[in-house]
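Each of the next two complexes has subunit A plus one more chain, namely subunit B in the first and subunit C in the second.
Take a look at the complex of A and B:
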């Protein structure tokens, strides 16, 4: 079968005499990879880079005639991030957490991240306007404010992190469950989640709400994760998802403390298998030294207390918080090994690959460069057994993995690394090779019809590490794992058209100086600020 | 006549963005909301400037065309084995991005002014981490504000008004009324004292007894400000309480506080000139606050102990977070010194002192920082952007700097531009050119173009881009 490319799109056919022909016989051809959740740019990521010179010193990228220099490892510099993704056949990356006040920073970094298309989600779950409007049950007004914010920060989706917990953290506290009211605001996480879920529908945003649950990283939190999914169950229409639970591994813990920690993957998978309104991504843990960073300030503080490592906290006025702690996942730690097991259990127990996507929550579970390892674990029971034999005994005893014999096919891998993610994001031109799609293609040197991935998992791992070709927007950008043409990617942003923008402006203007320390006119980012903007217009129902 | 609102002020790290300018015929004729430093810059930035590129010929700086100057600058950089590119804190992030590409292309060292100011703070952050926030968070919530070894009243004049004591927040009220009544109370007390002295014919120069007792306002449930410094500054006069520390003893004081916060006993009577009872009272107030913050300045980073002082301060903040919420923030000087650290970090992984001579970024302050390189006399050319090292570096360092070819890009005339071999007078960013800069708390804001620059003055970014293009071309021809 031939795939024809013209003007950056996949077309029915081209003139074979004039076209450049790539012979991919005996290789795997997939759409360019899509990552739904990877912290690659912005204030938080950059503070992580600054915090960890020891992370960079042994992993450098030398300047070439075509490419800029840089450093790795868990928090690579911007250029290096783009090159490394592209070498693995990825072409679209979503940066999942952006404090709206510091959106300019995120976009400056995204502009310096070459080779991939990208977008970023503003953190809106603890924004004062949201808390106040939802407390007073003013859904439409709140929706109009969010529409303004999406355009002002050039964002893509509504990101919610530990709803209510971040506002509480501003005074050093946290919320304990979905019905624990937020101090000073008298609104509960449940109301925030439901409110924003309704608003997401009103605004017709292409992605669902993107949720990092309450109580993340605490034993016993699978209950919170289930409740979070349940609390928007009635808002679903048909089989369209309305909520995305991100890095689900971190909220699938059973047990009452770290000693009794065990997997809640079975319960979560059972729920997800029976409900269509939710999608997940893995948040797989890799045994390596990495850097954890989330907007969940109280969680990061807890992690700092647990490890005594260096700790960065950055609270952002009226909007959000964040924290960073370096972390090493060790095979011989029963907790870390259990976390590793849970991620894979989730992916294997959720029957439909269109509902769970492969991520490491880069860099929280490990750097994205470890994706080929995860692919090998998903495709091969032998690979899983081999790692299982090396982990902590206690974790091995508790692990469900030995009882799971499912092995992903190449097709399923294509779904969890590209097609499913693109579908969940509403990026209709990505994640497939149908006519009209963006010509983002990855070619890997492994023959899906001949290689038995179950046994030859090492071949598979090697193949996915370095794409033979990465084609971005119809241009060959990577050949044999080397960058051959540096390109800028586009930055997608959502322009929400509502019918009541004026009132929002008045309300915002009136409150602006009270809420923030910057002026109204200096807050929104003009489109011209982005290097290659790609506006997606949606029409809201208000 | 037009009024332009929401202008950011390209002077100090407070980076106020509520300035209003009145412009008539391409000249700023009035400034509103700005402090004295800001107003002075907006009104008289153009008083002393040269307008045309200068090139040194036979020992004299003579006017040259832009192309000639660019050619000469590019040649200097291409011919150099180990050039340094220094400055950057007073220009836009856009220019810095081009500067990094240029440094990488010529395999030089790029460094910024943090190297002589908050560099030690960065080293400490890399050791310990930092619990910080944006300034609005403090405006809304902080009820205990420490200015440690910094003097915002003089150096960041609107800091107290916009972000801390005199700002009105959601959960904390402004204390300017209290300050005024205390001020007038103090004045009447002084007047009374003078009268009494006159009547009793007492010597008016007898120094008043230093009061150690904690004032009543420190125990009230409202916003409080404490200043720790070696001398009583203007900021200290406005504070609720002033803790005078002996010079170079900040480290001892911080560590003593850490012990008290951890409920450990001190078996001395005095630490750094402060009685332990006083420290205990201060520690109690710190533990009892809702949200406290330390702002620290160069008094910590550049006095004896350097980054060890900041280490202690960061550790103290960490310890305090076990008891309440406490945050800490360096008082950054130039309007975009935070930005330059940020841009360096996202492109290279490191915030300052970056050596590209191996083809990839290498970072080892002490080895790859400009002062050390110049002291070892290793650099053989330099490009200085928006900075004046000749006036501020140690004498020996400057001698080694100026004996090699020197390129300066600066809108102002400075000792550095006077000693340079190629000078590019640029447009004033934030007045004559746009861009982006970062406030001391990492909040990015736009720099605006208010008036047209003189025709011969390009922005830093454009000049650097021209040099970069020329360097690319020359290197291609060489190969």
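Take a look at the complex of A and C:
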């Protein structure tokens, strides 16, 4: 079968005599990879880079005639991030957490991340205006406000991190469950989630709400994760998802403390298998030294107390919080090994690959460069057994993995690494090779018809590490794992057309003046600020 | 034995990771001369910067490199070495013996900062003074010196033994501020005076100050007065005040301070 490419799109036919032909016989051809959740840019990531010179020193990329120099490892510099993704055949990356106030910085870094298309999700779950509007049950006004925010920050989806918890953290507290009210606002996480979910539907945003649950990283939190999914169950229409639970591994813990930690993957998978309104991503843990960073300030504080490592904690004015703690996942630690197991259990127990996607929550579970390893674990029971034999005994005893014999096919890998993610993001032109799709193609040197991935998992791992070809927008950008043409990627942003414009009154401007360090007039980012803007217009129902 | 003489005084820093018995031992004279070395941002060969003399020395079995002249701009001499000797007759530059795993480095003059940082085994002896971060970790890292010995006959600078995990640092002269900061284990012995703040954020290990120290950090508590203290098997006569800290980090490090040289600290005795 031939795939014809013309003017950056996949077309039905081209003139074979004039066209450049790539012979991919005996290889795997997939659409360019899509990553739904990877912290690659922004103030938080950059603080992480500054915090960790020791992370960079042993992973240096020397400049070449085409590429810039840079450093890794867990928080690579912007250019290196782009190159490394591209070498693995990825072409679209979503940066999941952007405090609206740091939008300018985030877009500056995204502009400097070459080779991939990208977008970013503004953090809106603890934004003061949102909290106030939801408290007063002003859903339509709040929707108009968020429509303005999407345009102002050039964002793509509504990101919610520990709803209510971050605002509480600004006062040194946290919320314990979905009905724990946020101090000073008297609104509960449940109301925030439901409100923003309704707003997401009203605005017709291409992606669902992107949720990092309450109580993340705490034993026993699978209950909270289930509650979170259930709380928007009635808002679903048909089989369209309305909520994405991100890095689900971190919120699938059973047990009452770290000693009794065990997997809640079975319960979560059971729920997801019976409901269509939820999508998940793995947040797989890799045994390596990495840097954890989230907007979940209280969680990071807990992690700091656990490790005693150096850390950063930050209160982004009225919008959100954030924290960074370097972390090493060890095979011999029963907690870390259980976390590793839970991530894979989730992916294997959720029957439909269109509902769970492969991520490491880069760099929280490990750097994205470990994706080939995860592919090997998903495709091969032997690979899983081999790692299982090396981990902590206690974790091995508790692990559900020995009882799971499912092995992903190449098709399923294509779903969890690109097609499913593109579908969840509403990126209709990505994640497939149909006519009209963007000509983002990855070619890997492994023959899916001949290689038994179950046994030859090392071959598979090697193949996915270095794409033979990465084609981005119809141009060959990577050949044999080397960058051959540096390109800028597009930055997608959502332009929501509402008939009801946001009410800009004196009260709003006064609030900006009193509570923000940036004035209302300077807050929005003009489209001209982006290097290659790609506006996606949607028509809202308000 | 191989002797290196700098051909000219260096203006730009020279990155000479290749000056190590491990590298030299496996190579012919020609190969050694062609070893790559950076002077500032220029690529050079070892023979371009140094006059190389090969001598047959049967007195020592160990491979020895002798460097004669001022190499205070030459960094990373003996980095990652695991065997043999390096003798520097003159001053040595930064990162001397970084990450070394064995062997002996002797410097007759002074050495600069980061000497013996992240070292795992072996001995470094400096006859003169040294800079800061002796036996420390890489910037940002928590993996400091994890074995071996550093002996300094002169003075040492700030943050000596930062994140040290094992081994011994002996300073016969005076020492700057924050000796043994973040120390996890190991021993720092200071014959002379300390500028203070010794043992800040230490978790475990031992620091012995035989000279004067202006004050003890408030996060240290007095524990005892000891007539003597053991350093690497040898007994050092006191008496010493023994402090425990750094309590701000839940540490249980031992800070020994000479009683006779620090009469201003006798007010602590009422808490005993």
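Criterion: the second predicted complex is superposed on the first by the 535 of 542 C-alpha atoms of A that agree within 3 Å, B and C clash if a C-alpha of one lies under 4 Å from a C-alpha of the other, contacts with A are read in each partner's own complex, and residues count from 1 in each chain.
Throughout what follows, a contact is a pair of C-beta atoms (placed from the backbone, for glycine too) under 8 Å apart; a residue touches a chain by one contact, two chains touch by 3 or more.
Nothing here was measured: the structure is a model prediction, and the numbers come from that model.
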| item | value |
| --- | --- |
| Partner chain(s) touched by A:77 [first = subunit B, second = subunit C, both, neither] | first |
| Partner chain in contact with A:313 - subunit B first, subunit C second, else both or neither | first |
| Touching partner for A:52 - first (subunit B), second (subunit C), both, neither | both |
| Superposition-derived comparison: subunit B or subunit C, residues of subunit A touched | B |
| Partner chain in contact with A:506 - subunit B first, subunit C second, else both or neither | neither |
| Which superposed partner A:108 touches (first subunit B, second subunit C, both, neither) | first |
| Residues of subunit A contacting subunit B in one complex and subunit C in the other | 51-53, 55, 57, 309-310 |
| Complex interface listing, subunit C residues touching subunit A | 137-143, 249 |
| Interface residues, subunit A side, partner subunit C - complex | 51-55, 57, 308-310 |
| Contact set on subunit A toward subunit B in their complex | 41, 43, 46-47, 49-53, 55-57, 60-63, 68-71, 75-79, 101-102, 104-105, 108-109, 112, 170-172, 184, 301, 304, 309-318, 324-325, 514-522 |
| Touching residues (chain side subunit B, partner subunit A) in the complex | 5-6, 8, 17-18, 93, 97, 101, 104, 122, 125-137, 139-141, 162-163, 170-171, 290-291, 318, 321, 324-325, 327, 341-343, 345-351, 356, 358-361, 363, 436, 438, 442-446 |
